[in-house]
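Multiple structures follow.
The same chain A turns up in both complexes below, where it pairs with chain B and then with chain C.
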Partner chain A sequence: MKKKLPDELELARDLLDKQVVDRDETKMGRVDGLVLELREGKPPRVDHLEMGSSVLARRLGPRIERWVSAFRQRIGVQKAGRYRVPWEKVQEIVPYQVKLDVKVDETPAFAWEHWLRDHVIAHIPRGLKGKTD
Partner chain B sequence: MKTVRFELLLGRVVRDPDGKKAGRILAVRAEPEGEDCVVREYLLGAAALRARLGLTAGRLFGWPARREPLCIPWDLLDLGDPEKPRLRCTLAELERKKG
Partner chain C sequence: MNMKKAATLALGILTSVGGFFDVGAIATSAQAGALFRYQLLWALALGTILVVFLVEMSGRFAAVTRQALPDAIRQQFGFTSWLVPFAVLTLIHFLTLGAEIGGICFALHLLTGLRVSFWALPVAALVWLFLWRSTFSAIENSTALLGLITLAFVVAAWRYHPPMGQVLAGLLPSLPHHEPARYWYIAVGLLGAVISPYLFYFYSSGAVEDEWDESYVGVNRGVAAIGMGFGSVISVGAIVVAAVVLAPRGIQVDDYHQAALMLTQVFPFWGFALFAVSMGIACLGAAVELSLAMAYTQAQTFGWNWGEDLDPREDARFCLTYTVAILAAALLILFGVDPLKLTLLSMAINAAVLPFVALPFLLLMNDRKLLGKHANGWISNSVTILTLVVAIVLAAVSIPLMFLGG
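Here is the complex of A and B:
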């Protein structure tokens, strides 16, 4: 599949906090962080994008990151609290979203949703869940 | 492999070797190059923030019309300590290079 990337990127404006979708256009979160690789004698390159509550919390401060990580581990959602996407998986960047060449089910992006489904929704009595077909 | 977290780099004050403040990193320009996306330059100063936010009508709000953001080519910024980025040349030398 051919990539659709602009000729020039302003990293904070064009990537950070942008909506991320998978190859089927399923929304899977936002770009919470970017990691640059520093190379000797060569310009730095974007190594990977990061998503997840721990990454977002880190932007607010190391203490908040520790609180969020501890909370996640305590309730057993997912230990890392972050999902790394190698730059090679970025398929398309448009002003409103970043499209990845991944399938959301193969990633830990929906760890919270799965935790809620298994630990909360599953315990709601059938009559209170509403009609489902 | 040495890495830097981009989101923590934003807003850091850049100083030249003499300790003179050059400005804060408020935007970073990059270009896709083959399979990679490489950084070309770092933009410093309030003008960089206005460009990032797309605020072109600042004068309507009483903001002074300012010069272009200070652009630092990737090879002139030392990110050895990402919390204290340093210019590899003085501000005066940078201005001279830009002509």
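Here is the complex of A and C:
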């Protein structure tokens, strides 16, 4: 698949906090963090994007990060609370979303979504919505 | 104009039935008319101008950027700046949802004589079932159609032949002859009832659900004006009816029972039921809209999959958000919180947070990198800023005044 990326990118404005979708345009989270690799004698390079509650909590401060982490250890479905996306997986960046060359079901991003689907939603009789059955 | 675009009017009417003429508008219009007759119509007019512009802006934003507001706000201002407004809005939405559910319960109480709190859980189940089973367009169309019953207020107002001179004079602000603190507080309540923040989150997400693109910019302008105009005309009707029916009898509307008398003179036999049904439907529309606004805001803030047309198995977290919100808000009513008090409280808070909602929104609307040639022009900017300044001054003066004066 051919990549569709802009020539120039302002990381904070054009990438951080943007909606992330998978190959099939399923919304899978947001760019909660960006990690640069610092290289000797060369400009830094974006190594990976991060998604997940522990990444968000860290942005709010160390204390909040500890609370969220403790909470996650107790009842967490996804214990790490973090999903790292290598830059190579970034397929397309447009003004309203970032598309990854992944399938969301194969990533940790939908751990909670799947847990809730299987343990709660599956037990409620569904309506007429949606094409799949 | 093709059929699909013509049908978008339903989104405008739904937004209006739910967001404009809701439990807050009924309560504040009844109080305004009962206490000050036509004198507070200007507050409604001011609110209408502001809300038409803000709704137009949120629809234009969604059409051009394909982003709803919560999505865009998190992206543009960052998670840490959005977190506090997000938490405050969630709380306000929750209280207002409680007030709307209370409104439906009250309507059922009027029709059946059973206690308000008795209806809390059945009503929660009804609202939830509506969202769980229907697609977005089914919700739009059915609510827009049912919402037409609220025109009863306009018919009643027309039949009373109100003094047109006084009605028109009410469109210009004037100083009250009595109870100044109440007067200004109700003026702010009317503004808060008309311009509820969830309107914009809901409407812009609805535009994304309906897959608007740049070609909808023109249609959106009409939808905003007609949809919000619809809500405004009905609220004017409610104020006029309250002024004619309640004011001469000295009825002050400290209780929804008093408001229920509004339609009994014009429609002696079924006026009571008509009031109850109008109120129930307006509040149902609002409850649906609020639950969705909460789920949209939550899902977009965290990037979850969302969409009212999806099978709940594809957006479990989105569906569970509105499920939990509806249940929790119904508990307020179940445990006996007074619906009218809850309504007036949430309307005042709505008005107080308005600047914090509108200012970031104005910044977004002026961002040419996002909107290109569809960014705000000077008319939108000056009208919004002017009306906003008036709203801020009113809220800053009247809310402390009311609490000091009791």
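We adopt the following convention: the second predicted complex is superposed on the first by the 116 of 133 C-alpha atoms of A that agree within 3 Å, B and C clash if a C-alpha of one lies under 4 Å from a C-alpha of the other, contacts with A are read in each partner's own complex, and residues count from 1 in each chain.
Just so it is clear, contacts are C-beta pairs under 8 Å (C-beta built on N, C-alpha and C of every residue); 3 or more make two chains touch, one makes a residue touch a chain.
All values derive from a computational prediction rather than experimental measurement.
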Partner chain in contact with A:96 - chain B first, chain C second, else both or neither: second
Touched partner set for A:59, first chain B, second chain C, both or neither: both
Contacts of A:26 with chain B and chain C, given as first, second, both or neither: second
Partner chain in contact with A:126 - chain B first, chain C second, else both or neither: second
First, second, both or neither for A:106, with chain B first and chain C second: neither
Which of chain B and chain C A:44 touches, first, second, both or neither: first
Shared chain A contacts, counted only where both chain B and chain C touch the same residue: 12-13, 16, 32, 59
In the complex with chain A, residue positions of chain C that touch it: 65-67, 71, 74-76, 78-80, 83, 132-135, 299-300, 302-306, 309-317, 319-320, 370
Complex interface listing, chain A residues touching chain B: 3, 5-13, 16, 32-38, 42-47, 58-59, 87-88, 90
In the complex, chain B residues that touch chain A: 1-10, 26-32, 35-40, 51-53, 74-75, 79
Contacting residues of chain A [partner chain C, same complex]: 12-13, 16-20, 26-30, 32, 51, 56, 59-60, 95-96, 112-114, 116-117, 120-122, 124, 126-132
